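There are two complexes below, and they share chain A, which is joined by chain B in the first and by chain C in the second.
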Partner chain A sequence: MKGQQISRTAVVWQLLAVALVVLPHLQWLPLWVPVLVVASLGARLMIHRGRWSFPHWSVKTALVVASSGGLILSFNHQAGPETMVALLVVALALKLLEIYHRRDALIVLFVTLFVAATAFLFNESVWMAGYILLVVILTLAALNSIQQASDANRYRDNLKTALHMLLPAIPFMLVLFFLFPRLEPFWSVTIDTATAKTGLSDELSPGDISELSQSSELAFRATFSGEVPPPDQRYWRALVLSHFDGRRWSRPEPAVRHSLRAEKLTPLSPEQPYDVIMEASGRPWLVALDQPVAVEPGLRMSAVRTLHLDAPLERRRQYQASAVTRYRLQPLLTSAERQHYLQLPASGNPQSRALAQRLLAANNGDPQAVIRQLLAQFNREFIYTLAPGRLGSDSVDRFLFDSQQGYCEHFTSATAFVLRSADIPARVVTGYQGGEWNPYERYLQVRQYDAHAWVEVWLDGEGWQRLDPTSAVAPERIRTSAGEFFNANNERFSRGGLELEWLRDMRQRYDAFNYAWQRWVLNYQGQQSDLLKDWLGGSEQWRLILAWLLPTAAVFGGVAWWQLRPRRVRIKDPLERALLRLQQRLTGENCRRQPAESLSMWLQRIAGYWPEQQSQMLRLAWLDDQQRYAAGADQTMRTEMLQLCRQLLRELPGRRIP
Partner chain B sequence: MAEAEPVRKHVEQALEALSGVLLGKEKQIRLALTCLLAQGHLLIEDVPGMGKTTLAHALARVLGVADTRIQFTSDMLPADIIGVSVFDANDSRFRFHPGPVFTQLLLADEINRATPKTQSALLEAMEEGQVSVDGERFTLPTPFFVIATQNPSSQFGTFPLPESQLDRFLMRITLGYPAPEVERQLLAGGGTHLQARQLAQCLTPEQLLQAQAACRQVHASSSLIGYVQRLLQHTRDAVGFSYGVSPRGGLALLRCARTWAWLAGRDHVVPEDVQAVLDAVVGHRIRSADDLAGHEGDRLVAQLLAEVDVIGQ
Partner chain C sequence: MVSEWRHALRARMRRWVLSRQRPARSHRLTQNRIFILPTRAGSAFLLVLLLMLVMAINYENNLIYALTFLLLGIFMVAIFHTYSNLAGIEVRVLDAAPCFATESAGFELELCRHSTRRFEQLTFTLERQGEPCVVDLLQPRQALRLYCPAPRRGWLNPGGVKVETTYPLGLFRAWAWLNLDMKTLVYPLPLEAPLPASLQPAAGHGRDAITQRNGDDDFAGLERFQPGMSPRQVDWKSYARGRGLHAKHFAGHQDPDLWLDLDALGSEALEKRLSRLTAWVLELSARDVRFGLRLGQFVLTPARGEGHRVRALSALALYGLEDAS
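Let's turn to the complex of A and B:
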């Protein structure tokens, strides 16, 4: 095989497959790698046309050295997946320059298939899957064409063969998809894509969330098996921030965090189970509907009832939880806890502190009345806007008494500050609020611009209660989704472009399609473990291995049997079939018919062994001779033969000569 | 078939007469007669003194045809066989003197002693049924048979016949040594040459032609033709065969099988007929992949019989 020339068609197929397989990687490859690929493709084409000759070994050596150096410089000695894929692509490009034999072409095409698979490290969308399928078909066509004679020039035939080869692969693909255990990778593959992820940070300072509101990137999707909560109940908690340094709200120090008791929750309404597919955020925390009660194993719940993972979320992840919308949370606080939730910096924002004292005095120390009055004030005098302007130092004072306009984080921060100043325990919660309902796949889609911040306030006897100051100033923001709200108030929020109804519909359908892909194909893991549990009665390692090995063995065994089975031609003629059965019946040592014996010779030879049937056998011999070889055989002969055959089959007992 | 039945009686008489001359060689005699009735030329291959010439003389006698014998030698020229044009001073023109080939049954003794040039002159006459001398065409008498004998080519001083010329012979048979019993009888009875000359004619030329026509009428069913074809195919496909049997060889096989069946008194061919003539018809047309001398025909035929099923699936 080694010395075989490859056809022109094969060269064209190879170049096409290589060019297309490198295409998806263009967005992150260092510029010189695509240049090298294009140059190699061009050189290969010129060599193929006979214009250029193969490069001298010194040229090739120089290219290898230069490329290795380039890889080291470009990737800074990092041995991540990008480096490895770039190395593969470079190797592919260089190998193109020395395709002399079929063997070399095979190497190029196998590496092409491998590079095609690596595309999924960077993009798992359905579009990429379709594209890679196309590349695989082209590569198969190329593999097919290099096995053909060098004068075969049939592009269409190659393509057809490639498609035909893919067809029998479908059952294997399905078996692999359903049964191949989704093992955790042995190494951690962390891909830093060029665009940094936007999302909630672990602290809240003015401007954080209004920045997020510019991003329409998907945060997560949620489905509900039962009733879907109304928009004003869709508070997705991510973080509880209880430490204020005068400007930023942040989580307490880990030592303090661990000293807090796990908060006790008494549900007052039935549990609502739901499913979340969270996009990769690069942060360890997850979202949970206010308030979570039960979560699946593998997720952690903190003392303040927020969910998080042990490691940052680097891949899209699906998890299940359930929530109660009415509850009593931590009705009693220890003095340490109370002190923690009343913490304020020693100085700063004097006007706000004075406002708190005034409110407290005016309402005779009734916390609920204080809250009501504060919110009423917001409703009367304040403006909800994304562009509040800069606030400078003492930001709470500046907001409450000067600008009086702001976004949810301003209202939240100010509310929590005033309440704490009035000796009412309060904390800031960040997360997402609302979301867009997709009617096609029936899920809630929450984007980054749905990010939100609100306050939780502790009331004696009632425990922690949710308090959203934004609902006082802009109730429609809470009742509708953020997207709709911004559209309706387009000018005020200075977000470009008016969304048309049909465009939104299209977008929802498109998103529903992507969602279905992610849910059913990419995140099959969850269903697989359920499926395996149902089928196998457990998901231990040995069960998985057996469940994998047995069907595989069955499938491959079936294929092997089909290929290696004794090919017995089905005989249609009943007479021939009966005669064959007669021969199969009489297979004793001396009975067996020799290939050179005609049936009549054979019957005459063995007739003597069975004196009782001898006459029938001789008659059958004569008849067979007549109908098989003489002129003018007729149907009556065949009928008589058939009868004789059946009679003999009945009467001749065994294979042995008596 | 009814009108050919008396002819078959005569042919059976001829067979009986021949068996009396060549003791213990019934199979070979029957094959030789089959070959002549199938209008083919016969090659008898054996070491000297096995009765080849006796068989040829005896056949000529019982069939009532004129026979000539040529003893081939290495210095023989084509003209010694075909004839020569000689200038006649009286008539002032060339006159053709026919050579020994102008006969009905030509016994070409030890054909492989002659040079290829001379061999080919004879073989051309065998194939065409005519000879050309000085641009003039002379038709040979009918029927025209050649019974050639040859020593096994491994002996000294022989020019083995190439495959293309072996193919012109319908059959190749070997006589072999007689059985001990027969040999004792032979030794006691003295020479047999005299007996061959004393044989009575059993067939008239017309009867011979009738017999030949009757043989061609024997029915070969599609099952049988399938078996013949599978045999031929096997010589081309199976391992161990250097080359397979040509379609001409296949036609020859079927023709001989028909004749053999007629001799056995059947109006249709059965596989046993094919098997009976297979060695003689096909043995010199196939060659084992690991044998260059061409003497393994019978072993290959045995292989063929063992490997090809009579009943095709």
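Let's turn to the complex of A and C:
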């Protein structure tokens, strides 16, 4: 096997497969690797065309030493997947220069397949999947080609064989894909994607969320198994910020955070289960619909009912949770907690503090009336805008008394400040509000521009209540999604051109497709047990085995039949076909045509068995000799022969042994 | 140690497989003859798949899972493709030509396919060594010749024939052992030596003598020409007159017959004497001289011609051997 030379076709296939498999990796490999690959492909092509000869061993050694050095310098001893892929790509490039035999080619192609798999570590789109499928087809064609004779030159046959082998493997793959249990990773790995992600930060200062409103990047998608909550109930909480330093709201110190009691929740409406696929955010928290009551194991719920992970979310993640939309949360506060939610800096924003006192006095200390009056004021005098302009120090004062225009974070921050000044416990919640409903795949899609901030206020006897000052100043923002809202108010909110109806429809369809891809392919594992139970009517071991065995047997039975099906030699010439049928008809003991007999000898020998047809048979024999050997044979003879043949076939009884 | 053990296992298996078949002039490759196992490349492929699976598990990457399963599917499909690259072929013995010891005996086989399927890269190997022969069966029929080294005189049985293929992907090897009924005679190696004087056809005999004899009147008559007679004996005149081919017969000048006698060659080693006799048989046949052969009890009456030569050589090949059947 080692000694077998490979054909020129095989070399071309291999170069093609290697070139294509390296292509998707080029964008992140250090520049010298692509240069090496291109140089090596070029050199191999020149060798293939006979212009150059194979490099001397000293050249190869120098290349190996140089590229090892390059790898060490470029990757600096990191042992991540990038290093591994770079190493493999460099090895491929160098191995290309010494493909002589089958074994060399096999090594190249197996490494090619492995590198093809690594492409999915960096890009999981459906396009990449299609592209890798193409690479697999080329690699199979190359594998087939190296097995052929070294003078074989049949590109089309290689491709046909590759497709013939690939197609039956696809159903096999699907069955295994859906049934194979997903195991826990053997050791923890991280992929350094190294791009700063946009998304919520763990603080809130003026301008943070309006910045996010410029990004249409996907934040997460959610599906509901029951009823879909109406738009004004779609509050996705991510963080609770209860510490204010005069400008910025942030989470309390970890020590304080841990001292808070887990808040007690009494549901007043049924639980609503839902599924979220959250995009990688690079931050260790998830979103949950207000208010989460149950989450799947593996997620932590904090004291203030937000979801957290142990490590930053570096990969897209799917999780399940359920929520109640009406509830009573923590009806009693300890004095320490009350202290905590009334915390304000010692000084600053004097006008706002004065306003709080005025409101409190005007409403006889009734917190609900204070809130109503504050919101009414927002509704009358304030403008909701993405471009509120800069606020200096004492940002709450500047907002409330000077600019009077702002985005949700301005309203939220000011409301929380005023309430705390009025001795009403309050805190800021950040997250997302709304989302776009995709009718094709029936899911809610929430983008970064849906980021939102609102207030939770604690009322005696009722506990924590959601209070969204934005709904007072721009109620349509809450009722519709942020995308629609900005489109409708295009003049006021400079967010690029108006989206056309059909363009939006196309975008939604494309998005639905991507979503299905993510839900069914990329994140297929969580729903596995339920889905299989539905499909198979149970999840016992034997059902799984049967579900795997039956389709697999069907597929391979099909392949075996297709490969071994009788494929008769089809004779195109009608005369030849008729003569063959005549011979097949006359297969009796004595009249079978012997290998040494010519057609005319055979006919002459057996003509005597059928006295009635004797003359036709002899005529046929004579004609056959004539048309084969005599000069001036023409088409009329063949026509006559054909007629004779057909006549004999009609008249002679089948399989009668004379 | 392991390789020895493997070798022994393979030999045992081969003997078992061959013993289940009756030797025949033709065999068709069917499922009870064909064996299939992964090649080394196939095992390496599985190893690559295993690494890919580990990668898929570790990075929790479903697309790598899918690719791994796809390639596993292709691996399985390859079983059927490799198998079908052998199944249905008919192997037939066409010819087994005799040869001289130390040469290689050639066995001509014919492959037939009974469908339009293409069979590629079939490797034929004889059980008893010999160069493998790789053929593509793209036509309905295809002949191939296998050579088997023939170190000794006597019957040469090349043993079973192995047909194997790793086509189309090289991941699997399908093979079959065929017990083909083919054996051939190996003649002793001719040992060139001048004919001793006692065996020299007298001057005026042999080829030159015939030319001289044309002028003689000892012409005894015509006999019907048989293939193997020298064209010099043909009576061209009668042929020209349209009376058919006849050979002149000179009865009166019957030569004293030449006898090749094993015992008369002294006390040299048996094989050496046989080799010498072989050389002389060839020489005398080439000169178209009548000769007889005496090998101990065995006597071949003097004659000449192709048939006589073959009988003489066969006798020499088998002299003193057990399986002289």
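Criterion: the second predicted complex is superposed on the first by the 518 of 658 C-alpha atoms of A that agree within 3 Å, B and C clash if a C-alpha of one lies under 4 Å from a C-alpha of the other, contacts with A are read in each partner's own complex, and residues count from 1 in each chain.
Convention: a contact is a pair of C-beta atoms (placed from the backbone, for glycine too) under 8 Å apart; a residue touches a chain by one contact, two chains touch by 3 or more.
If you're wondering where the values come from, they're calculated on a predicted model, not measured in any experiment.
In the superposed pair of complexes, A:Y100 makes contact with neither chain B nor chain C.
When the shared chain is aligned, chain B comes close enough to touch A:I571, but chain C does not.
Using the contact criterion defined above for the overlaid structures, shared-chain residue A:L113 touches chain C, although it does not reach chain B.
By the touch criterion stated above, A:Y155 is placed in contact with neither chain B nor chain C. Judged by the touch definition given at the top, the superposed model places A:A129 against chain C, while chain B stays out of reach.
Looking at the shared chain after the overlay, A:M601 reaches chain B, while chain C stays out of its contact range.
With both complexes superposed, C is the one of chain B and chain C in contact with more chain A residues.
Residue contacts after overlaying the shared chain place A:W52 against neither chain B nor chain C. Legend: residue contacts after superposition of the two complexes on their common chain; A:Y629 is shown touching chain B, with no touch to chain C. On chain A, the surface patch touched by chain B in one complex and by chain C in the other comprises residues 569. By the touch rule above, chain A contacts chain C in their complex via residues 1, 81, 102, 106, 110, 113-114, 116-118, 120-121, 124, 128-129, 132, 136, 140, 143-144, 146-149, 152, 161, 164-166, 168-170, 172-173, 176-177, 180, 182-187, 189, 191, 315, 521-525, 556, 559-560, 563-564, 566-570.
Across the complex, chain A is touched by residues 39-41, 44-45, 48, 51-52, 54-74, 76-78, 80-81, 83-84, 87-88, 115-117, 120-121, 134, 136, 140, 166-170 of chain C. Interface of chain B with chain A (complex): residues 219-221, 223-224, 267-272, 275, 305-311, 313. The part of chain A that touches chain B in the complex is made up of residues 569, 571, 594-601, 625, 628-631.
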